[in-house]
Structures are given as structure tokens and as C-alpha cells.
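Chain IDs A, B, C, D, E and F follow the sequence of writing; residue 1 opens each chain.
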Amino acid sequence: MNAVMTSKPVKRIEMVLNQDVIEEIAQKLDTLGVSGYTVIREVLGRGERGLRSGVSLGVFQYHLLLLACEDVQVEPITEMVRPYLKRFGGMCLVSDAQWVIR
Amino acid sequence: MEFSLLKNLIDPVILFFVFGVFAGAIRSNLEIPPAIAKFFSLYLLIAIGLKGGAALAATGLSQTAWLALLGALIMAALVPAYSFLILRSRINPYDAAAVAATYGSVSAVTFITAQQFLSRNDLDFGGHMTVAMVLMESPAIIMAVLLASLVRSQEAKRTSLAAGATHTEPGLSLKKVLHEAFTDGAHLLLIGSLVIGFVTGAEGKKIMEPFVVDIFKGILAFFLLEMGLLVARQLRESRKGISLFVMGFALVMPLVNAAVAMGFAWLFGLPKGDAMLLMVLAASASYIVVPAIVRYAIPEARPGIYFTMALGFTFPFNIVVGIPLYFATIGLIWG
Amino acid sequence: MEFSLLKNLIDPVILFFVFGVFAGAIRSNLEIPPAIAKFFSLYLLIAIGLKGGAALAATGLSQTAWLALLGALIMAALVPAYSFLILRSRINPYDAAAVAATYGSVSAVTFITAQQFLSRNDLDFGGHMTVAMVLMESPAIIMAVLLASLVRSQEAKRTSLAAGATHTEPGLSLKKVLHEAFTDGAHLLLIGSLVIGFVTGAEGKKIMEPFVVDIFKGILAFFLLEMGLLVARQLRESRKGISLFVMGFALVMPLVNAAVAMGFAWLFGLPKGDAMLLMVLAASASYIVVPAIVRYAIPEARPGIYFTMALGFTFPFNIVVGIPLYFATIGLIWG
Amino acid sequence: MNAVMTSKPVKRIEMVLNQDVIEEIAQKLDTLGVSGYTVIREVLGRGERGLRSGVSLGVFQYHLLLLACEDVQVEPITEMVRPYLKRFGGMCLVSDAQWVIR
Amino acid sequence: MNAVMTSKPVKRIEMVLNQDVIEEIAQKLDTLGVSGYTVIREVLGRGERGLRSGVSLGVFQYHLLLLACEDVQVEPITEMVRPYLKRFGGMCLVSDAQWVIR
Amino acid sequence: MEFSLLKNLIDPVILFFVFGVFAGAIRSNLEIPPAIAKFFSLYLLIAIGLKGGAALAATGLSQTAWLALLGALIMAALVPAYSFLILRSRINPYDAAAVAATYGSVSAVTFITAQQFLSRNDLDFGGHMTVAMVLMESPAIIMAVLLASLVRSQEAKRTSLAAGATHTEPGLSLKKVLHEAFTDGAHLLLIGSLVIGFVTGAEGKKIMEPFVVDIFKGILAFFLLEMGLLVARQLRESRKGISLFVMGFALVMPLVNAAVAMGFAWLFGLPKGDAMLLMVLAASASYIVVPAIVRYAIPEARPGIYFTMALGFTFPFNIVVGIPLYFATIGLIWG
């Protein structure tokens, strides 16, 4: 199939992260050799800690970070993120995708 | 007192707040875009900072001013201390620390609303009261964070985990927390504007007046509309998590804190306007600056408690009832 | 008339609208952030409500005012009724109901633009006309929703489905629709501001004036720039869906509705300014409040029809041609 | 593999929902026992009903709701959402993911 | 399983696209017969070209486009998008999902 | 000169910029919502356009005005030409073209800040200088795009690819680029406002004044706060990519360009105010309009270079040091 040559399998990681930690996590992603990521700012959410309403005052804000990476990078990334999720809330999903080579 | 309560309630600024609560309560889809709400809150901080700074440049720090600042510092230390003592046996200790920080610190919007209430009633106040507000913002936070660390390490011992283990967790160092507290946007913007207002004095005031003074009331009204909507939403969302004790604390504590502050104001011989603002600062609870630090420094605390208390109960109480009440009381005592 | 059309076209407020249409038509990437556009529309509602309320407090409801309100109610019932009758044989019945609601209701921005046109031409108008606008917002919506339910149940019968089946679908109950109509943000904010303006009267007016009056024109200009961009984009996007009949309706109906309104205004002996505003209300079509309800209450109707008609054709027609035209006509007839 | 112990398979549901129904749906998600969700506000879109341009006036706005849940929750959720999608437009996708246990 | 009748397998394509090209790409999607898509505006990102900070000035802005389509549409879409990604930056991921039939 | 530098630094508008840089440098979480920042930048363009247009309507285009415009056009052609010559041997040719465009074009905010600096120092300037700014925006961009196409086709030859191959890539046609350059939002809004200001003249000015003049300083201060935050962030993010040569260029080139502009201003006998603004236009570099075109037309160029130079170095240099320096120099030479 043609797609074989024009795309490669990657892991798609999406995390919902507290506004306070996203810069720190972005820096650590750099040091883990992650080549890129995309951030969707100011998502609302409900989780264990209940609904968050301080959003328009700028408190209790989450951001969503999406990244595509190699299989082998998944574990270092999730291990790095886990303590942040535990402490400041949020979540992290990993799924499969094809990266379209440009 | 009746008179001033009524007068408070026919102020368009307050009416927009009441209207916001009403619209929120009947679940209207009325909504101020978050970006606009943030803009308003930044605007208010700039305006209040510039005004305070310019006033300070005009008058300097008199002896009364120093006494007012002293009163502010005392209250900033006292309120979180006795709040924590009252709370720790009733709610979990992290929540207690967070609530103590909330009530020990201040609400800028309540302060601003009180200032414009005073202006409407032709009562003067000093630019140094804005400095007082700045001074009162952080001490309670720092105390609360230290208390929370204490609780945390005790817990670590009790659960027989190595006490050191917590130190590997992210975001815990006191240095980092202090940095967050000092560099917090709202806090810093207030200080910055105060300094700029002070440095540029009367000339700066003239330049910025149309933006910072003339349209101020309109923007405050707009922002209080949003605050009303927020209050209603917050109360709906957090109904379940709020116990009667917690609600009682949120409604009675402002009175207690205001009374204590009035005592010091009386003792220090502060003029009426300054006394009133000191009471309002003591009575108010922070729902912006404190949550911005506490969510990071004491993530174990539940916003459903501390944020709801400050925003859902204490804020509307002060805006609608507290401010005219403190004013009337001062009128009675100062004479 | 030529004179006033020209005068209309050299008003900066109108020119920003024309410029917006131009920029949109040549596909400029000029863009007002949506949050800002929403802020402007909320601001305009607050401003118009406060002004109307304060004016009302100053003058009270004279007999002429009552007649103006009566005229408004008549138009609010008449326009959707005859619009639906005209439309139902030409377009599908859900679209017909939605369009009837659109034209039976009003456009606040058109009303505001007409008000400032009158002010520029030194013609007075009553604060009660803002009440008239509020009264005209909802009746058409309710009529349309009822018509749509009728159509829906007829269809359900025809397709031999159990008529009851539709009731299991979400969002259909009339009660819910009425709630949405009454609590709709734009509608409610207008009423709230009107009440606040009325209650706080002259004093409130003075407090809010710099925000609500002084910078009003500038914000209106800015908002009309955005409206111009929107009109151009809407026309581009919905080109295909718009038949000649529909376009004709959107351009001729304002004239018809204005003429009918003028008849009542004349009959009731309304003064020029009130007559003009009644015409503009009748001639205008809603592209905010009505779509906000109809998208929910008549989801079968296509926004590509009703929204495009109101925003893409009727709105610019009234702003650029209609307002000076109605004004000139009144000048001829009232003398 | 280590990942087996630190993550669990979940379903990832994403829905594009009309602004009028999102609160109602959020409430129903609660009653279905969904533990959390994230909302990305004010997405633009094109679907059967054509392009939507009233966005800056606050009309014809969609939101995107993302949630991770157990396999068995998928059917009740999609059944609950389907009538809303049918009546008010929108769409719903379900895919597989690994939830990183925090 | 019941889900077989109420959903169908689709491809889920998500692209991070430069603000300058998104309208052009949306038009081309139309001509490729894509039935719908959703755009999340103003995402931030980091990629080969480094962090982008002009966002609040309106420059160097990316948008995220999400679409669900048939398997056979994937190749034409990715082939259409590839030159844009190459020239103006961005990325494109393809994954599997179930579309809940409404 | 010392005096004016000091005076510049106690202007609240400049102090907010300095404060923004400070807050960004200590990594405060202070943040202006992007929608608000965009609103401010649109507001400033409208305000400056309307003011310039109204001034032009009042005075017309005198001979001096024509000479000022001639000077502007000369600078707009000269600066990108010699910039490219200086740069092309040191950095890659796409970057060189982009930087040439950046420095050949202008920064509206720098221009605005210079205008208000002049007003504070009671020095007049002509409305035609806004026209000069408009004229200087595009020529450099078009030159740069042509240079880049040249480089591109040479490269295509060298890599022995069919030269035609590049033409199949999206977004490359000159026509499209010219369309983008002319219809760019910021550029178009400035022209539109200038025309509206001109057409509506004194009456339009009166209508728009409270919005466009009175609150102007406040909004400029707010926007410069955001610019300060941006400058700090940009410098942090792009540290690595910036060589000493590039940094030197960004700090020295404004002085060179200002000097050359001053030469022409002197030669043409421009009055002090116009001379100063011509210097500022020449000295400033574009970080909005040029990047908006170049990111599309020369995607090979790295924003980390051209954008960082303009925003991170040249902009703050001009705001804090350049403007008072050029003013002092003019004071010395014009006498």
C-alpha cells in the first residue's frame, strides 16, 4: 500500500494538565527529545476534584497537550508526567496513530 | 444604617452584581467571555494601583498612614492564625490551611467596591490603604503553605513512609512557592501599578485619568455582573461539598474579622475612611490570588471548599450587606 | 432625502460598517477576536438599556408612550403572522416559521444605529422605545415555536409514526423553550439594564455616563466593523442556499414592515422620533436573540436561510439605506 | 511490558456538541457514572448543516467534549447522546486508548 | 454486538495547520467530498521551527483541524495536505475510530 | 538629552512597558489574554488612522508634506536594499530577505509611542506622517518577496531540480503574495481608518474623540505592558538562535536608519516633529505586518531570527532609548 511509504506508526499522547505545571512539563519534554507538541489552551473539565469554575478568573485552568512520538518514547514521557498528574490532577491517554510524513 | 444599605442597593454597580446572581440563578445563558473577565480584573488592578500610588505621591506616608499599615500587618498575621485554630478540628488540615490563607488575604474587588462606596458617601481615604492591601495579600499564604508542609511531613511519618519521599514529588520546594507567591500576576500587577502611580505622580494621574477613572465605574459594573454570574454558578456546582459549619464560617467570619480590625483602627485613631477600608480588607477573602498559589502549593486542599467559601459566600455577603454595615457601624462609633 | 442618505454615509460609524464589508469582500484576514465582538454586543445592550431606563425614569410613561408600546405589540404580532402566511407556500414550513420569528423580532444594533442617527439629526425620542424593543423581542419567537410544533405533529401523523414518539426526543417541551426565550442572555441583559437604569435614575446615569455614553460611538463603530466583516463572510458562505425569492423577501420586507409601522405611528399620533424607531424596529430582523432560541427550538430550520436573510441582507439594507430612507419619509409625511 | 501495570485500556469518546445541549449532556454523563471529561470550548465546524458563521455573535457555537471511560460505558453513553446529535447536529467518535494510571 | 449496527469504522484525521492555509485546505476538503470537519482555533505549538510566541500579536498561529472520513478518503486527503505541511509547517495524524451513527 | 531620557522613563506608558519586561523576566504568570492584546492593537491602528486622517483633512497636503512622503518612500526603498546587502553574506539568504523586509517596514506601536512622546513635549507633527507610515509598510515586503523568489529559483537550478517544480508547491504565486500584502488586516485597517478620518473630518473627530483620544493613553499603556511581557518571553525562547552579529544588527541598525532619515529630513527642510517621526519610522522594524506576510511568502525564513530581532531587540531599544535619543539629536541639530 502506498500509505506505507508516506506515513509511519507513532504514539499519540494527549494530556490534560494543570496550568501551573505545563511549562515545566514542556521543558522536560524537550530534554526527553520530543520533537514537537501542540497545546490547546484553557479547556474546562470535570474530574475527581469536581467541576472547576474559577476559569474566568484565571484560576483552576487546564490545558490539553497533544504530541506524537516514537513508541520507545512513550514510557519515559508517561513516567515523567505521572507524578504531576497525581499531585496536580489531570489525565493522560496514549493511542496509536499514523504520522503523515511531510 | 438602613439608609446606607438602601443607598448601596440602588448603586448601579451593586445592582449589576445582584442582576448577575439573578441571571445565574435562573440559569440564563448570559456569559461574559473569559478573556473579557480577565481583562476587567487586570484593568481594576491597574486602576486601583495607579490611583493609590498617585494619592500616596501627593500625601506621603503620615504617621496615621504608618499606623494603618501596622494595623494591616497585624490583621494579616492574626486572621489566618485564629482561622486555622478554629478550622483544624472541624475540616481536614489541608483545607483548613487553604481556608486560613483565603481569609487572611484580601479581595481586591471588595476593596474597590468599598472605595467607590466611600466616594459616593463623600468620605475620604488614604492612598496608603492600597499599600495596606498589597501588604495583606501574601503573609497568610506563606503561613498556610508552611502549615501545610508541616501537616504533610507529619502525615508522611504517620504513614511510615520515609519523610524524604515527599521531596521527590514535583512542585514542593518552599523556594518555588515563594517565587509563585511573589510573581503571581495579579499581585505583581497591583504592585507595579502602585509604583508607577507613585513615580509618575500628578502628571501621570492626569494622563491616565480618562482610562483609569472616568470609565472605571462602568467597567466595575460589568465585572460585578460577571462576578454575580460566577457566584451563582459556583454555588450551584459546589452545593454538595459545603457543610453548614463551613457556610457559617464564610458568613460569620467576615463580621468577626471586621470587628477585630475596627478595634485596632479605633485604638490607632485611624480616620473613618481608612478604618472602613481596613475592616473591609480584614473581612474579605481572596478568590483570585490565594487560589492561584494554593492550587499549586497545597494541591491537597479542595477548591470546592476554600474557593466556594470565598467566592460563593463571603464575597456577595461583603458586597451586598457587609460594606454598608461596616460603614454604618463606623458612623455610630466614630460619630 | 439625498442629503440624509449622504449624511448617513459620512458618519464614521456607518463608514466602519462599509469598510468591514469591503475588507470581508476582498478576503482580508482582518478579524476581531470573537470574545471582543461578544463584549461589544453586551456593552451595547447595557448602554442602550441604561439610557432607556434613565430616560424613562425622567419622563415616566405618558399616553403617547403607551400608544407607542401598543404599536410595538401590534407589530410584534402582525409581522410574524403575515410573514408566515407569505412564506409557507414558498419554503419549507420550519424555515418559514424561523424566518417569521426573525422578522417579527428586532435587531438591537439596528435600533441603536437608528438612535444615534436621530441624535445626529437632533431629533428626540422616548426612553419607552427601548421598552418597545424589549416587548417586540419575544412574541414572534413564541408564535414561531408554536407553529413549528404544529408542523411537527402534523408531519408525525403523516409519516404515520406515533405522534407521541416525538415527545421522547430531547429538548422539545414548550416549557423549556419558554424558559430559553425568557432567560436568553441578550434579552435578559437588556431588561436588566433597563430596570437598573430606571431604578438608579439621574444619579445612576451620571455615574455610568463616561462608560456608557462617551465612548459609545467608538465601540459602536468597532462593532459595526465586525458586523461588516460578518455580513461579507455570511454572504460568501451561504450564497448557494439563498433563492431569489428569499433574497427579495429580505430586501422588500423591511420596507413593507416599516410602512405598516408608519401607518400605526401616524394613526396613534406618535412624535417623529418615536415613529422612526417603531419603523426601524418593525423593519429590522433578529440575528442574535432569535437564532439563539430557534437553533434550539426549531433545529429543523436551516440557519443558512433565516440567519443569512437577517444578517446578510436585511441588516446591511437597514443600516445603509433603510434608516435614512425611513427618516426622509417621516420628514415628508409628518412635515 | 511495564506499561501493562501503569496503564489500562479505555475507550476514548469525543463528541462535537451544540452549545445548547452540552450542560444537559454533562449532567447525564454524571448520572451514567462517567468519572471525568474535558471540554474544548468554541470549536468551529462544517457538517451537514453547512458552515456556521454566527460564532462571534455567540450563535451556532459547538463545543468538543472528550472523555475516557471503561468499555462497558460506551454503549450507554452513545445511546444517550445519539438523539441529541440527531436533533441538534454534531458528531461522536469512539476509539481505543491507554489511560496512564496516575 | 449492538455497536455494529449503530456505528461504523472511520478514519480520524487531525492536522495542525498554519493559519494562512486553513481556508484553502478547507476548500480543497470540500472538493474531495469530505462531509464535515471541526476546527479548534489558535493552538500553540512547538515543532521543528521552534516555539512560536507571536500568538498574541496574531502571527505564527496554528489551528487544529479534526475530521472523520471513510478509509478510501484518507489518501487523497493526506496527499492534498502534505505539500502544505512541508512548506508551512504543521503535522497530520491518522488513526482509527468508530463513528456513532446518529 | 538626559532630561528627555529621564522624562521618557517617567512616562506611565513607558513604565508599563518596562514593568512588563520585568514581569516577563522573573517569569511571572501575568498574562494579557490574546484576544485582548489583539483588540488593543486593532484599537491603536484605528485611533492612529482616524487622528491622522482628521489632521490631514484639516491641513491638506502642503509642500512640506509631499517632501515628507518622498522621504518616507526613499527610506522604504533604501533600508531593505542596504540591509539585504549587509546581511546576505552573513546569514542564509531567506533570513536575509526576511530581515530586510522587517527593517524596511515599520512598527506602528513605535510610531504611536513617538507621537505621544512628541505631544508630551509639546512638539507638533503632521497628519501626513500617518500616510508616510502607510506608504512605508509594503515596499520592503515586496522587495523581500522578490529577492526570496530569486534565491529560490537559483537554488532550484543548483540542486538541478527542474526549476518549474517549485511552481507546483502551494502558495507561491506573486499575485497571491501581493494580495496578502495589500489585504493584510493590520495594514488595511490603518488605511481604512485613515480614509474614514479624512472623509469625516472635524465632525467625525468630535464623535470619535472620547473613544479614540481620551482613553488612548490608558490602552497604549496596557498594550505596552503586554509588549513588555512578549519581549521578555521572546528573548527567553529564542536566546540560542541569535548570534552576536544578528543582535548587533538589531541594535545598531535603528541608529543607522534614523541617521540616514535625519539626513533626508534635514535636506528636505522638514519641521522637527515630522523629522522625528520619519527617523522613528526608519529606525523601527515590523513585528506584525511583515511577519504576517513573510511567514506565508518566505516560509523558509526563520521567525526565530527576523521576528526576534524586531520584537526582542529593536522594539524595546527604540521605545526606551531610541525615541528620546532621536529627539535630543534633533534638538541639537535643528536647534
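The working rule: a contact is a pair of C-beta atoms (placed from the backbone, for glycine too) under 8 Å apart; a residue touches a chain by one contact, two chains touch by 3 or more.
Worth saying up front: this structure is predicted, and the values here are computed from it rather than measured.
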| item | value |
| --- | --- |
| Path length in the contact graph (chain D to chain F, fewest steps) | 2 |
| Farthest-lying chain, centroid of Cα atoms versus that of chain E | B |
| Chain D-chain E separation of Cα centroids, rounded to whole Å | 18 |
| Separation of mean Cα positions, chain F and chain B [Å, integer] | 41 |
| Approximate Å spacing (C-alpha centroids) for the pair chain C, chain E | 37 |
| Per-residue overlap in chain D, given as positions that touch at least 2 other chains | 40, 42, 58, 86, 95-96 |
| Junction residues of chain B - those touching two or more other chains | 29, 31-36, 38, 180, 185, 210, 214-215, 292 |
| List of chain E residues in touch with chain A within their complex | 14, 16, 40, 42-48, 62, 64, 74-75, 78-79, 81-82, 85-86, 90-96 |
| Sites on chain F touched by chain C in the complex | 33-36, 38-39, 42-43, 46, 50, 179-180, 183-186, 188-189, 192, 195-197, 199-200, 203-204, 207-208, 210-212, 214-215, 292 |
| Contact footprint of chain B on chain A as seen in their complex | 18, 20-21, 24, 42, 49-60, 83-84, 86-89 |
| Sites on chain F touched by chain B in the complex | 10-13, 15-16, 19, 22-23, 26-36, 210, 214-215, 217-219, 221-222 |
| Complex contact set, residues of chain A against chain E | 2-3, 6-7, 10, 12, 26, 35-41, 66, 68, 95-102 |
